[in-house]
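You will see chain A twice below: alongside chain B first, and alongside chain C after that.
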Partner chain A sequence: MSAAERKTMLLTTPFHSRVEQYCELNDWGLWQGYTTPNSYFDMELEYFAIRSTAGVLDLSPMNKYRILGPDAEAFLNRLVTRDVTKIGVDRVGYAVWCNDGGELMDDGTIFHLAEDDYRLCSYMRADDWLEWNASGFDVTINNESDDIAALAVQGPVSCTILTLIGCEGLNELKPFGIARFDFEGVEMMVSRTGFTGDLGYEVWIDPSKANALWDQLFDKGRDYLIKPIGSHALHVARIEAGFLQANVDFVPAEIAVRPGRTRTPLEMGLDWQVDFNKSLFNGRAALVKQREEGLRYRFVLLDVEGNKPAEHSFIYKNGKQIGIVTSAAWCPTAKSNLAFAQVEMPHGAVGDEFVAEIYYQRELQWTRLMAPCKVIDGPLFNPPRKRQTPAPAH
Partner chain B sequence: MTKYDAIVIGAGHNGLISSSYLAKAGKRVLVVDALNQAGGCASTKAFANGFHISDCAQWVHQLDEKIVKELSLEMHGLRLGEAKRTIALQSSGDHLIVDGDSLSGAGISAADKKAYKAFRRQMQVFAKLMLKLYRTRAPKMVDADWGDRMTLLSLGLGLKMMGRRNMRDMMRLVLINIYDVMNEHFEHDGLKAAIALDAITGTNMGPRSPNTVFTYIHRMVGEALGNRGVSQVMGGMGSLGGALLSSAKTQGVEVRLGEAVTRIIKTGDRVMGVELSSGDTLEAIAVVSSVDPTRTYRDLLGYRNIEAGQARRVEQYRTRSGTGKLHLALSGLPSFVGVSPDDHSQRLIIAPCMDAMEAGLNPIKYGELTSQHVFDISIPSIEDPTLAPAGQHVLTALVHYVPHELKTGWDNNESAREQLLQSLLAQLEVYAPGIRELIIASEVRVPEDFEASHGVTGGNWHHGELSIDQALMMRPFPGSTQYTGSVVGLYLCGAGSHPGGSLMGLAGKNAAEEILKQGVLS
Partner chain C sequence: MNKYDAIVVGAGHNGLTNGAYLAKAGLKVAVLERNPHIGGATVSRELYKGWYYSNCSYVSSLLRPEITRDLELPRHGLQVVPFGGGATFMQNGDHFGSYSDYGRKYREISRHSKRDANAYERYRADTSRQTRLIRPFLLKTPPDPTSLRLRDLKDLVDFAKPFLNMGEEGLLDTIKFWTTSVGDYLNEYFETDVIKAQHAGSGIIGTALGVYSPGTAYVLLHHYMGDVDGNVGAWGFARGGMGAIANALSKSLQSFGGDIICDADVERIIVKGGRAKGVALKNGDEYHADIVVSNLDPKRTLLDITDERDLPKDVVQKAKNFKIRGSSGKLNIALDGLPTFDGLDPKNPLMSGDLHFSDSLERMERAYDDWKAGTWSKDPYLDMMIPSLTDPTMAPPGKHMMSVFVQYAPPKVEGRDWTDEDKDGFEKSVVDQISKYSPNFRDLILHCETRTPREIEAEVGLTEGNIFQGELTFDQLLFNRPFPGYAQYRMPIKGMYMCSSGTHPGGGVMAAPGANAAREILYDLKRPNTVPGSYADD
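Take a look at the complex of A and B:
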C-alpha cells in the first residue's frame, strides 16, 4: 500500500470508524502512534460536556500490560514506588515508577483483576522495561494494548448512561472499583476511574464490540447530551483536576537525552506515591539519598492573574528566573487561570508569589504580560460526586 | 547467636586474603566455602593413581609479592618454583625462547630482538602506571570523593611523567588489539603469537579483538608485582590455598569448609547474614562475597532483592569463557622435538601464528569445536616429583579456545569431549610424537566443568570478561563498583571486582581495606 493510499501512517483505534464520523473538525492529533482527535466539534463545548453532562474519550492508545503469575504482586511492588499490596482485588491504583536513579519513567494505573492477575496501563511503551524487571520473578507479561478497546465516559451523567446500556447497579461501585457486566454476550469491564477529576468511568471491552459499544452509548446517551471529547478538552479538565501528564509535565527518563532534564517523583509532588516503608523498589536508594540531600525542584500549582494561559512561561522571583510552566489553561469551572510549574528549590511553598512571563498574540501583535501568580494548594476542581457512593442519580 | 563482623563467602585466594586482612585489623571473621578444600581455583586434585594436578589455575605470574610477605605465606608453606622461560614451539623444531627481555632461537632477527626490548620497556612503564590503579579501589569519575580525586591526580601525574610519547601511545593502544600492535613492532610470526597468547589467555577474545592490549598490560602488571615469567607452586596450586588458609587461621579467621552459602539474607535495605546449605543462618555486619558477581547477585541475593536496573546489569555482564584444560597422567617424560630434556620443565606454548589463533576463535563463536588450539603447557612433575609416581609425569595445559556453549551441549556429551580430546592429542603429537603411548589417564575440562567444580559462572578466568567496559571504575558494572553496591553491608572481593582475575590477591586485599576504611564494622 502506498503512503497516499494509506492516507496516514498512524495507527487507528478500534473505535476509528465512529470517531472519524464524529470528528467534524477533522482536527487529528498524535497519541503514541495512534491518530486521535484533538477536538471533535468545539473544544469548549466538549469541555463543558465533561463538566455538566458526559464526555466520551477514546482511550484505546493507552498501553496495557497484563501481568500474571504467583509473583505478579511482588513484581509490581518492586516496579512502582507505592505499596501494591494495598490494592485489593477488583480495585485500581494510581502508580508511578522510576529507574534505579530514582528518575521518573512514567505514571499509570494498576488494575487488580484477580488473585495473581493485574493490568498495568502506562503512557509509555514499557515492553523492555517490564521484561527486564521480570528477571527473578515468576510472572508472564503480555502486551494486550491491541486486544482491548477502551473508552472513558466522564461527567455527572456518566453513571446514568452506563446504567442504561446495561451496567445495572453501577452506582454502587466505589471510586477505583472494578465491576463487570455482560455486553452483547461478552464481558464489559467498568472501572470508576478517569482523568477528569469528576464522576466518571472507564469501559474496557473486546475490540469486536467497540462499534456496538460506541453506538449504544451515543444512542442511549443522546437525551443526556453525551458528547465525544478530544484531547484538548481533556487537557483543560485534567489541569483543573490537578493531574499531571507524562511527557508534558515531566520528561520520561527513557526518552530524556540531556543530563538533568529528568525529575524524581519527590520533585513532581508525588511524595505521597513513594512508600519508603517498602524495603525495595526501583529508585529507592537514589530517592532516599535525595530525601536526605534535598530536592532540586518543586512541582507546584499556580493561580495566575488574568485570563491568558501561562503556556510555556518562565517563572520569575525578584527578576530572576526560577522556573518554567509545563501545563497551563484557563479553567472555566474553577474560574481560574491555572498552571503547573517546576520551580527551583527552595521556592514553591504554598503562598509563594512569583511572576509569569506570558506572551500572546492578537492580530500579529505579540504582547508580553508579566502576570503575578501564587502557589496554591490544589486541586481547585474537586466535586463531592467524584467520591460519592452511590453515585448521584440524574 | 554469634554475630560476625564479616562473613566472607568463598575461600579462594581472594576470599582468604580479604579475611586475613580483616582479621589482622582485629575483626571477627568467618570464611565459608562450598568445597572441602581452600584455594578456590588455586586447587590440586588427585588424578589417576598417584598423580596430582593443578586442576584449574596452573601458573603463578601475577601474585602480589607484598601480600605474600604481609601474610607470611612462605612461613605457611608456600613455595614457588623457579621462574620459567617460555619456549614457543615451532613446527620446524627450532623453537623461540623467551627469557625476560631476551629472545633466542627460531632465527629471530636482530631487529626483532631490539624491538622486543623496547616494546617490553614501554609495556613495563604502562604496567607500572596501571599498578597504581590496581593497588587501590578504582576511582569514580562522577561523584568522586577526596580519595578518588587523589587517585585520579596521581594517575594523571603518572601519565604525564611517562612523557608525551608514552602517554600518547598508551591512550592509543589501550583500546586497540594486540594483532595490529604486534604487526607494528615485529617480524617473526612465532614471536607475535607468543606475545598475543598472553593477551588472550583467560579471555573469550582473539588477537584481533579490541581490548587485547589492555589484557596484555593486565598480564604485565604481574611483573610490576614482582613476578618473573611464570612459576609453578610446589605441591600443586592447592598449596597456595593451603598456605593462605593456614595464614588466615593464624590471624584468627574462622573457617567452615564443605558448606555452601545458599542465600544472602537481606532485611530492609541491608544484609543480615547468610544461610548455609546445612540450614544454619549466620549473622554479620558485612557479607563479603568472593563468589563471582553473577552468582552473588543472581543466585545468592536474588534479582528480586535488588533494583531492576542492577539486575539487568548483572544479566548483561559477560562471563563466557573460551579457556579449557587438558590433563594427562604419563608413564614417562614425553619428548618434545627440539626441546632438551631439562627444558621440558619450562613453559611450553603452541601458538604458531596470530592468524591461526584468530581462526581458532571463530568456530567457538558459533558453539562449534575448533581444530586449531593454542596450548600453554606445564609438566610440573619435573621440578616437583611429588606430583607423580617415580619416573612418571603429569602434564597440564591451558587450552584456547573451547566453547562455553557447545551447539550440541556439553552435558553428558561424551562424544564431543572425546572429539576434543583426540583433536588436542593430535595437535600435541605434532610437537611431541609418541606422547599418546605414554598416556595413563587423560581428561579434558571445558568451561562449564569449571563452573560445576569451582562454582565460577561461565568458567570464566576473571569471574567475568576483563574488557575495558567491565574493568577499572566499571568493574564489574556501574552501580557495584568500589567493592560495594546499593545493598548496605554487601561487598565483593573476588576476581569479578577490581582489578580482576588471575592469582593476584589485590581484589581481596583492596576490598578488605575499603571495608575497614568505611569503618562500618565493630
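Take a look at the complex of A and C:
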C-alpha cells in the first residue's frame, strides 16, 4: 500500500506514483511536510548523473508564491535587497531578503513571468511575511505551492533531453532565462535555473500533466542515461557549486531564538545582492550602518587539505577558535575538500590560512585531525557549460 | 633551441605526470612522444566515426587522488564517473551479480550459497586489511633494504611498522597473502564456483599467470587498492575515455610551462662522460638536457634506447631477465544498439559494470593452459564493459561502445610471430564466447578493433603487450621493481631516471611512478619537492 493510500500525515507530490516506482531503496525523507526520496538507487551514481548525464529531482514541495498587480515590482523591490527592476520579463533572478534589522530571512528566486506578474520561490514558508509587506501595495499574493508540479533536470545532457520532449530551440535559452512550450496541450514553462551549478533547467507544469512529463522525460532520456536523483545527491552538488542553503548555512531570522545567531547578507558574502542605490528596502538602514561600522563575521569557502570532510568543524587561527563550518563535503567532480565557514572579522580574506578541527570515526574510534585550510575566492567546480549559450549537447 | 632542463621520453600518463611535477618545480621540461598523439596506453581514439574507444586501458581507480587534486586535473577537464557492480554469466543460463550495494550483494550471494554470503564478510575484512597496508606506500619511494643511508633506514622503519603492528598471526596471514595464488586464497572462503570465478578475475588481469599460480593473490589486491572518491575498491570511467586523463595531465603540464613534442621518436639517450646529456631522435634531431627520464618499460629503456656500453653489465642482465610477458589482448567494438544477455534485465545496473563469462576457476585455469601451449585461449577470460551505459559521450545516443579485455593471448603464437589469420582466430574466440550468452550481439557489431600483443607492442610500445610494463609478482614489486638496487627511479647513468609503470608501484594508470620519480629527481637537484604526500589513510 502506498503512503498516499495509507493517508499518512505526510503529503505526496504530483509525481509520487512515479517517484515511488523509481525509489528502489525506499529511502524516504521529509521536505516541508512532503515525502521525497533521499536516494533512489545509489546516492553516488545519482550525484554523477547530475555531473555526467542528467539527473531529475522532484522539487514540487518548494514554496511558490504568485505576486500579481500593478505594484508587484515595487512590492518585491521593497522586499528584497537587490534591484528587481533589472529582472526583465521571462528572466529569473536570485534574491535574498531581510527583516528591518538587516538580518537575513531567506533566499530564493524571482521569476518575472509577465508585466506585473512574478513568482517567488523560497526555502522558508513566507505567507505571513509577504502579507505584512504587501500592506500599502496594490498586489495580490497567492500561495501556489500545491498548484504547480516542478522537476529540476540538471546535467550535461539536460538540454538535449528536454529538446527531445518538445522544447525546440531550448539550447538558445540563456542562463536565468524562461521559455514556454506546449506539452500535451498545456503550457510547460522551462527556466534555465537550478541548484547544482551545472547546465540545467527547471520545468514547471500543471499537476495533471506531472506523470506524463515524468514518463516522457525518462522515455526520451533513456538513451542519454537520465536518472532520478534524491536530496542526498543534490546536497553534494549544491555544496560543490558553492550554493548557500537557508537553515543550514545561516539561521533564518524569523526562526532564530538565541541572540546573535542571525547574520546579515553582508556577513554571508551576499554584498553583491545588496543594492544600496535603492532608496528603500527592508533592512536598508541597518545594513548601511553595518557597512559603516564593520562586519562581525565573514562567510568563506575553504579548500581543506586531505580528504576528510570538515563537517561541523571549528576553525582556528594561531590556536584560537575564530569560526565554524556550516556545510562541508568531499566534492567528487572538483576533487576538492570544500567547506563553507563563518569566521570572525577581520579573518577570512582570500588566501587566509586556518586550521579545521575535523573528527571522523572508523570502527568506533574517533580520530581528531587538524587540517590546514585556505580561503578560496569561489568554488573549484565551475564548468563552462553552465554559462554557454547555445547550451552544449553533452 | 632544443635545450631543456629535463627531457621525458614517452607521453603516457606517467611521463606527463613526471613532466608536470618537474615543470611545477620550475624546470624547463619537454615530453617527447613517438606517436602523433599523446597518452600511450591512456588514450581515447575515434576509430569509427561517432564512437570513442579507450583502446588500451579502459577503467580508472588507481589514479592517485592526491595527484588528481594537486595537478588540478578536474579543472583541466578530467571527470571520473564510478560504475556500479558487475556480473558473471554462467553456462547454465544463470548469472552471479556483484552489486555495489552491500545489502543487495549479500542477497545475491545467498541465492547461490548462504555460507558464501557470510564468508564474504570475512573475505572483505581480510582483503581490506591488506589494502590498508599497501595504500600508504603508493606515493612513496620504496626504501632500499640494503642501504644504510638515513633516509632509507627511516623509510624502512615506516614501512615495517604497520606490518609489526599486525601481530604474529596477521603477519603470517600477510606473508601468505603476498605469495599465494588467488585460487587457493578464494578457496579458503568460498564454496561456489561462480563466486570464486567472479573474484578471481582481478588476480590474473594483465598477468601471465593462472588462477592457481603463486603470487596472483597480490594482483587481486592491486585491483582492489584503488578508490573513487574514497570508496576503496571502486572503479570508474574517465568521461570521454581514458584519453581524458592524458589530456588533463598534458594541460596541467603546459600550465606549468612544459612542452609536449609529438612525432619525436627517440633513438638513443646521449651519454657523455657517464652523464646523460639528452636524446637523439630517429630523424637525427637532438634534444639536450642534463636530466633524461624514460617512461618506457625497463627493457626498452635499458636495451633499446640506451647504449649497452654505457651501462654496467649487471644492469643489462637484469633488464634482459625482467619479466614482462604478454598475456592479454583487447577488442574494442562499436555496437548499433545495446546487446541483451540471457537472464539479465537490460535495465539492471549490473549491465554498466564489468561482465564476465568464466564461471569457474577450472575454466580460467584451462584458459591459461592454452597460453602455456603458445596459443590464445579457446575459452577466454573476458573483462567486458559497456562504458556508453555510463558515459553518453562514448557513442551516439542509443548506440554503444564495448571494451573487451581478453585473457590469455601469448606474445608469440607457438613460438612464431602473430599473423593476421591468428588475429582473426583470436577475435573469433571472443566474439563466439559473447554470442553464446547474447543472442543479438553479433548482429549489432558495426566495427571491431582487435588488438593482440603484436598490435599493442607495435602501437603503444609495451614490450610483449604487457599492460603493467612488467609482471606484478613479489619478485618485481616494491624494492624489487624493476630490479633490486634500482627501485628508487635512478638509473646507473648519472642524470638518467625511469618513471614508468615498470617502477614502483606498477601499472594500472596510477600516475604514482611518474610522481615518485619526480620527487627523487628534485631531491637530487636539491630543489623543493612539488609532489604531494599521501592522504592519511584510515
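In this section, the second predicted complex is superposed on the first by the 385 of 394 C-alpha atoms of A that agree within 3 Å, B and C clash if a C-alpha of one lies under 4 Å from a C-alpha of the other, contacts with A are read in each partner's own complex, and residues count from 1 in each chain.
As a convention for this text, a contact is a pair of C-beta atoms (placed from the backbone, for glycine too) under 8 Å apart; a residue touches a chain by one contact, two chains touch by 3 or more.
Since the model is a prediction, treat every value here as computed from it, not as a measurement.
By the touch criterion stated above, A:Thr53 is placed in contact with chain C alone, chain B being left untouched. Judged by the touch definition given at the top, the superposed model places A:Glu20 against neither chain B nor chain C.
Applying the stated contact rule after C-alpha superposition, one finds that A:Asp182 touches neither chain B nor chain C. Once the two complexes are overlaid on the shared chain, A:Leu79 sits against chain B while remaining clear of chain C. Contacts of A:Glu172 after superposition on the shared chain: neither chain B nor chain C is touched. In the superposition on chain A, A:Phe137 makes contact with chain B only, not with chain C.
When the two complexes are superposed, the chain touching more residues of chain A, out of chain B and chain C, is C.
Legend: residue contacts after superposition of the two complexes on their common chain; A:Phe41 is shown touching chain C, with no touch to chain B. Those residues of chain B that touch chain A in the complex are listed here as 266-269, 298, 302-312, 315, 479, 486.
Contact residues of chain A toward chain C in the complex are 25, 41-42, 44-45, 48, 51-53, 156-157, 223-225, 306-308, 330, 332-336, 360, 362, 367, 369, 380-381, 394. Chain A meets chain B in the complex at residues 71, 74-75, 78-79, 99-101, 129, 132-133, 135-137, 279-285, 288. Note for the complex: chain C touches chain A at residues 65, 68-69, 73-75, 79, 81-82, 84, 100-101, 228-231, 239, 349, 389-393, 397-398, 535-536, 538.
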